[in-house]
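In the two complexes below, chain A is the common chain; its partner is chain B in one and chain C in the other.
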Partner chain A sequence: MVETHTHVRTPAVQWRQYRRYLVSYGLLPCLLVMLFLLLGFYDERFWRVTNLINVMRNASYLMIISAGQMIVLIVGGFDLSVGGVAALTSVTMALAMVQLRNLIPDALTTVVVLGVLVGLITGFAIGFLNGFVVAILRVNPFMVTIGSMSVAYGVALYATAGVPVYGMPEVFSRNFANLQLFGLPVIVYLTIVILFAVWVAMGSTKLGRYIYAVGSNLHAASLSGVPTTVCIIVAYVASSLLASVTGVLLTARVGSGEANLAQTLMLESIAAAIIGGVSLRGGVGHVGSVALGALLLALVTNGLDIMHINSLFQPIVIGVVLVAAAGLDRIAPTVR
Partner chain B sequence: MNALLHTLDSISRNGMRHSVAQLGINYGFLPVILVLTYLAFGVLEPRFLTANNALNILKQSSYLIIFAAAQLFPLLTRGYDLSVGMVISMISVASAMIMMAVLHATNDVPLAIVAAACGGFGIGVLVGVINGACVAALGINPFIVTLGMQGVAFGLATTLSGGFPVYNLPDAYSKIFAYSNWLGLPASVATCLIILGIVHIILSRTVFGRSLYLIGASPRAVHVAGLPSHRYNALAYVACACLTSIGALLLTARTASGEPNAGGDFMLKSIAAAVIGGVSLRGGEGRVIHCVFGGLFITVLSIGMNFVRVDGYIQQIILGIVVIAAVYFDQFRRRTRL
Partner chain C sequence: MYERRLDRSRAHTTFSMPLDNQTTPLLGRTKLSVVEPVFQMNGIVKHFPGVHALKGVDLEVFKGEVHVLFGENGAGKSTLINIIAGTFPPDEGKIVFDGEAQSSMTAHRARELGVSAVFQEFSLAPDLTIEENLLLGREATRFGLLRKAKMREQVRAMLAELDFDLSPNTRVGVLTRAEQQMTEIAKALLGKVKLLILDEPTSSLTERETEKLFAIIAQLKHHGVGIIYVSHRLGEIKRIGDRLTVLRDGAKIGTVAVAKVDEEQLVEMMTGRAAEVLFPRIEHRPQEEVLRVRDLSTASGAVRGVDLYLRAGEVVGLAGLVGCGKSELARALFGLEVLEGGRISLFGRDLQTPPTPASMLASGVCYFPSDRVAEGLALVRPLRENVSMAALKLSNFSWHGLLRLAAERIISQEKIQQLQVRPADAERPVELLSGGNRQKVMLSRGIIRDVKVFLFDEPTVGIDVGAKVEIYRILAKLQQQGAAILVASSELPELLHLSSRVYVMNRGKISAELQGDDIREDVILSNFFDREGTTFPRRANAH
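And then the complex of A and B:
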C-alpha cells in the first residue's frame, strides 16, 4: 500500500503508464498517420493539395457538429436530432433569404446576415426545447431527441414539399462558400475558432466544469449546488446551435436549402465523438480528440472515394468503425 | 397482478371515483385514449368506422405490433435496437434477391419462396447474434452497437440491388403471405397473433423470459442468482432480430417487391409503439399487451390522419410530438403511482 503512494518508478510501472498514454492519447494520432500514409501510397492523387483541402473541408463540417454532440454526451445525454436540426436550418435559412431578397433586393449582405440569423435561431429554439423537456420535464433524452428529429425533418419537408429551395444570394452560395484565405477555405479557420471556443468553454469556464460534473454524477452535482437544469439546457442549446452552424455551412456549399441535407450526419457525429473517446455514460470527453475522430472519419470517407467505392458503402464502413472504436475502448482497460 | 390487487384494495378503501384514477395510473390511459381517438376520427369521417376499415387497421397494425414485440426484448434489458428499421429494408431486399435468383436457376416457385424465407430469417439471426455478441460479450453500449448495425444495414440495403426495388416476385408469395386468410384472419394478423402468443409464453413461462425482466431491473441480481446473464442478454437481441425478419418477410409479401425503403420509419415507430404502450425505457417492465395497444394506437392515428387528409410530413411532426408526450406522461404516471 505504501508503495502506491510514494512515487516509486520501477520499469514495470513506467511501462504500464507508457502503455496507458499510448492507448488513450497515442492510438488515434497513430491511426491517422498510418491511414494518411497508406492512402497516399495507394494512390498518389491523395497527396494533391486540392484533395487534402477537400478532406479538411469535409472534416470541418463534421468537427463542428461533433463538438456539439460531445457537449451533450458529456452532460450525460444524446442528441439524435442534430441531422434534423441541420436540415431544418438549411430550409428556414434558404426560405428566409428568398423572401427577404424580394423585400430588399438592394442590400444582399443584410439579406444573408438576416437569413443566417433565422437559421441559427431555429437551431437555438430546437436546442432549447430539447433541453427544456430533458431537464425540466425529465423525459429520457433518447426519446426526446428522436422525437424532435422526426419533428425537425417533418417541418423541413413540409415547408419545402421535399424540393430544394433555390434563389439564395450568390454572395452567400458562391462567394462565401468558395472564399479562401492563405490558400485554405475560410470554413477551416471558422472551425478552428469554434473548436477553440468549445475547448475554452469546456475546460476553463465554470459552466464547462459544471457540465462535466453534471455528467459524471447528477445527484452529487446537484447536492454541491451546481445549477444542473441550466447546465443540461445549455448543453442541448450548444449542440443544436453547432448543428445549425454546420447546416448553414453545408447549405452555402450545396447552394440550396435542402430538407435531405446530409442524412448521415447524426450517425457520423456520434461516431466521431465515440472514436474521440467520449463516454456514453457522461462526464468524459475532450474536444481535441473528438476533432481527431472527425478527421479520421473524413479520411476514411475520402479513402473510399479514392478507391472508387460507391458512396452508399460509406454508412457500412462508418458503422463498423463506430462499433470497433467502442469495442476497442472496452477492451483497452483490460490491456492496461 | 400486484397492480390489480392494489387497485382492488384501493376500491375497497377509497370508493369508486378515486379508483378509476388509480386504475389509470396503474395501467395507463392508453386503452381509453385509443378508443377515444378511434371514435374521434369516426366523427370527423364516418367512413372511418366501417368494418372494412377496421380490418384494414388490424392488417396495417399487425406489422408494427410484430416490430414492437421484437423491440420489447431489448427494451426489457434496458437496451434498444436502433437497427430494426434498416434491417427490415436489408432483409426485404436480400430475400427478394434470393427468391429471384433461385427462381431463375430452378424455375421452382415453392423452392424459391422457402429459400427466400430461410435466407431472410438467417440474415436476421446473424444480425441478432452480432448485435447480441457486441452488447453482451464485449460489453459495448447497445446504442452504439445497434446504431453501427443500422449504418451497415442501411448501406447493404441501398447497395445490394443498386438502390432499386426488386420487382417481379412470384404472385404466389404475396397470395400466401399477404392476401390469404388463415382461419378467417388475414395472414399478417394471424402470424402476428401466433407471434404474440409465443412471445407471451417465452416472457412469462421460461427462465430466459423471466430473467430478461430481472436483467432490466437489476443486472447484478441475475449474476448473483447464477443465471447466464450475458447469454440471455445476447439472446434478447437475437429474438428481436428474428421477429424483425419475420415481419420484414411479411412486408415484402405485401408490397410484392424487395424495397430498400421498406424499413423507413419503423425504428422510431417500433420503439414508440412499445413505449407508448407502457414498456419502460429503464428496463424490467413491459408486456406483449403493451405492444399491442401501442401499435394499434399509432396505426389508428396514422390511418385516421390519412382519412382526414393530413399531409404526410405533418403526420411525421405529429408522431414526433406524440412520442415525446407519451414518454412524459408515462414517467408522470410512474412517479404518481403509489
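And then the complex of A and C:
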C-alpha cells in the first residue's frame, strides 16, 4: 500500500528508484553481455575481428539516427521521416556530386564537401518543416512525419527513377568509406563524437533541459518561460540532421545514391530508443542507453546473419522486439 | 521592487518577521497608507467556445496588499488569473502593470514583469527533479553549459530559506501533492516577484505548512509585493486578506475591505441570493439502508479503511480537502478504482465480486463524474446519444443488438424536457451546451433507467448560479422520490444546505460523521485537518 504522506526517502520509494535504475542502466548491459556470450558460443566466427567491426559499423549508423529519434521522443513527438530523410539525402547528395564533378572535375574534395552539404541541407529543410508544422500549426507529429516520409521517398524515387545514382568521386565512395584509424573504421569515431555531443547538449545545456521539460509537461514549460516552439523545432531539425548524416555515411558505404536506402532504419531507430528506456510519453531518455539499445539491435541482426536465417525474416524479429519494448514502456510507470 | 537574493549567507536567510521597519505590517492588517497600484485591469472580456467566461471585469492590486478573489467555481476566477499570468490573452480589456500599459501579455512577458503564479494545477514537469523544475527557464550557464553545482547551491539555499524540507534531486513525479505544492510555491518565489498569484494554495497543505506560507506572505507584503489570493476559506481570508473582489458568473460584483464584511454578506455576494433562495428545502425521510461499506481501501492508498452507509431518501455529503480521498471513494463505489480491501453491500446483500460500472449500473447505482468533459460526455455526439448511452443494453432501447431508434428518440426527448435542458434539441451536439445543461444531460442518464443510488462528484463544478439552483431542485426531487444520494463536494454551502448527514474525510479516512445541528462550517473545517495528538506525525522524519 502506498503511504501518500510519508517522506520521499522511504524504503518503498528508494526501491522504486533503484528498480528504475536497474531497468534503465542494469538490464540492458546484462542483456548485451548475454547476447555476446550466446552468439560467441553459437559460432566462433562471431569473435572474428571482421565480424566485430561489422557489428560496430552497423551499430554506428543506427546509433546516430536513434540519437536523433530520441531527441524528438523526449520532446514528446516522434519522427517517422528519418528513413525517408536518409534516402533523400543519399539521392540529392549523389546527384549534386555527379553534377559538380562535371563542372569542376579537378577539385574532387570540394565536390565531396559541397555534395555532403547539399545532402545535409536537405535533411535540415525537412526537419525544419516537420518542426514548424508540429510546433506552430500543432498538427499531430504522426501525420506530419508520415507525410514528409512519403514525400521524401517519393522525391528520391522520382529524381532517380528508382535507379541507383553512380559516379560519386572515389575520394568519397572508396577512400572515405574505407578510412580506418587505429584499426577501426572512422565512422566509429565519428559516432562517438556525435553521441558525446548529443549527451552534452541534452544533459548540460539550457536547450537540452528545456527539451526534457517540454516533453514532460508542455504547459508547465511554457508557464516557466521556456520557448516551447523553438524547442520542438530544434528537436525535429536535430533528428532530421542526424538522419541525414546517417544517409551520408550509408551512401559512402554503398557507393551510390539510393532511393530505397535505409528502409528499416525508421522502425529500428524507434525500437533502439524505446529499448534504451526513452518514454513514448516524452520527458525521459538518455543517449547512452539509446546507444546500447542500438547495439543490441545490431547484435540481434548480426546473430540472425550468423545463424544463416533468411534476411527477409529480420523485419519480423525487429517488429516483435519493438512491440515488446513498447509494451515494457507501458508497464514502466509502475516500475518508476 | 523586491529582488530575491539567494546567495545571502544562511545566517540571514530565515523568514522571520522583519524588525528594521516600524511600519511592519501585522499579518492580515496592513494599513493601506501607500496606495500605489502594482497592477490594474479594466473591462476584461473573455469568451470560450460556448461560455462567456468574463464579462468586463476590473481589478486593481496595490503594492503590499493581499487581494482576495472570491467566488464560486466557474465564476471566472481561474480565467482571470490565467489572463494575468499570460496563459491566454483577453478578448477585450486593458492591462496596466506598474504604471505601464501592456499591449500583449504572454507567459514570458508576465514573468519578465515579475508576475509569478501558483496554480492549482501545478506547472511542474514530473520527469525533472525539484532543482531542475525550480530553475526551469532561468538556468545559470557558462560557455553555453549549465552550471550545475552553482544551481544546486542556489536551490539548497532557497529551500533552506523557506524552511522547506525537500531534497533538490528528487524527481517531482514521486512527490506528494503537498510537497509538489511547496515546490510550486518555491518556484514562484525565485527571481523578482512583484505580483504573486496564489490559487487555493492551502488546499493541500497541513496546518504547519500553511503557517509557513502565511509567514512568507507577510514577508512579501512587507517588501511591497502585491498578492492575488484565491480562496474559498473564510477563515484564512479573514486572517490574511486586505481587500476582496467578488466574482459571479464572469462579472465583478464588488470590491470590499475584508475587515468590513461578514461571512453572510460574502456568501450572498458570491451566490447573488440569500441561502434560502438558492437551496431548496429538503425534508429528509431516511428509509431503509441501500448501501453499506465496511473497511474499504483502494490500491492507490487514496481511501483507507472507510466505513459508511447510505439510506434511501437522504442526501449524504462527503467533505474534505482536495486529495483527501472523497472523489476516489465515490469512484471506488462505482468500480472505477482498484480495491484493496473491504466489503460493499448493496440493498442488504454483499457484493461477491469487486464492483464494475456495468454491474453497478445493472443494480441501480449511477456515478456522475466531476470532469464531465473528460469522463462524462461524448462532446461531438448529439444529446440523444449521450442521454441513452448508459441505457442501451435495456430492452426498451435495443432488440437483439439492434437499436430501437424511434424509442430512443422519444424517450431521450422526454427526459431532456423533463430536466429542462436548454435548448431542448435532442440532435444538438453536447459541446454546444453550457456547463449546467451538460450536467442535466448527465443527470438524465440517472432517470432514464431505474437508478436508486446516485453518486455525485462535485455536482455543480463549473456551473453558473442559475443552473445550480435547478440542479439542486432536481436532487431534491430525486430524494423526495426515495433515491439515495451521495454528494462529494468542495462547496461547503452545498453540503451544509443539502445534506442530512455529512462524512468528513481526511487523508483517506473518515474523520467525522456529522448530523443535524453539527453540520456547521466550523465543525466540518476543523475535521479537514489533523488534530493535535490524535494522529500520527505527518512525516516519518519530521524535525
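Keep in mind that, in the parts below, the second predicted complex is superposed on the first by the 306 of 336 C-alpha atoms of A that agree within 3 Å, B and C clash if a C-alpha of one lies under 4 Å from a C-alpha of the other, contacts with A are read in each partner's own complex, and residues count from 1 in each chain.
Rule of thumb we're sticking to: contacts are C-beta pairs under 8 Å (C-beta built on N, C-alpha and C of every residue); 3 or more make two chains touch, one makes a residue touch a chain.
Predicted, not measured: the structure shown is a model, and the values here were computed from it.
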- Message: Between chain B and chain C, whom does A:L137 touch in the aligned arrangement: first, second, both, or neither?
- Response: first
- Message: Which partner chains sit in contact with A:T205 here, chain B, chain C, both or neither? Use first/second/both/neither.
- Response: second
- Item | Touched partner set for A:V284, first chain B, second chain C, both or neither | second
- In the overlay, answer first, second, both or neither for which of chain B and chain C A:S216 touches. second
- Message: I'd like to know which partner A:V300 touches here: chain B for first, chain C for second, both or neither.
- Response: neither
- Item | Touched partner set for A:M56, first chain B, second chain C, both or neither | neither
- Common ground on chain A, meaning residues reached by chain C in one complex and by chain B in the other: none
- Message: Touching residues of chain A toward chain B in the complex: what are they?
- Response: 78, 133, 137-140, 142-144, 146-151, 153-155, 157-158, 162, 264, 267, 270-271, 274, 280, 310, 312-320, 322-323, 326-327, 330-331
- Would you tell me which residues of chain A are touching chain C in their complex? 1-10, 13, 16-17, 200, 204-206, 209-210, 212-213, 215-217, 219-227, 279, 283-284, 336
- Task: Could you please specify the touching residues of chain C with respect to chain A in the complex?
- Result: 85, 87, 107-108, 111, 117, 119, 122-128, 132-133, 136-139, 141, 144-146, 148, 165-167, 170-171, 173-179, 187, 297, 299-302, 304, 340, 507-508, 538-541
- Note on the structure: Residue set of chain B touching chain A in the complex reads 80, 134, 138-141, 143-145, 147-152, 154-156, 158-159, 163, 265, 268, 271, 275, 281, 311, 313-321, 323-324, 327-328, 331
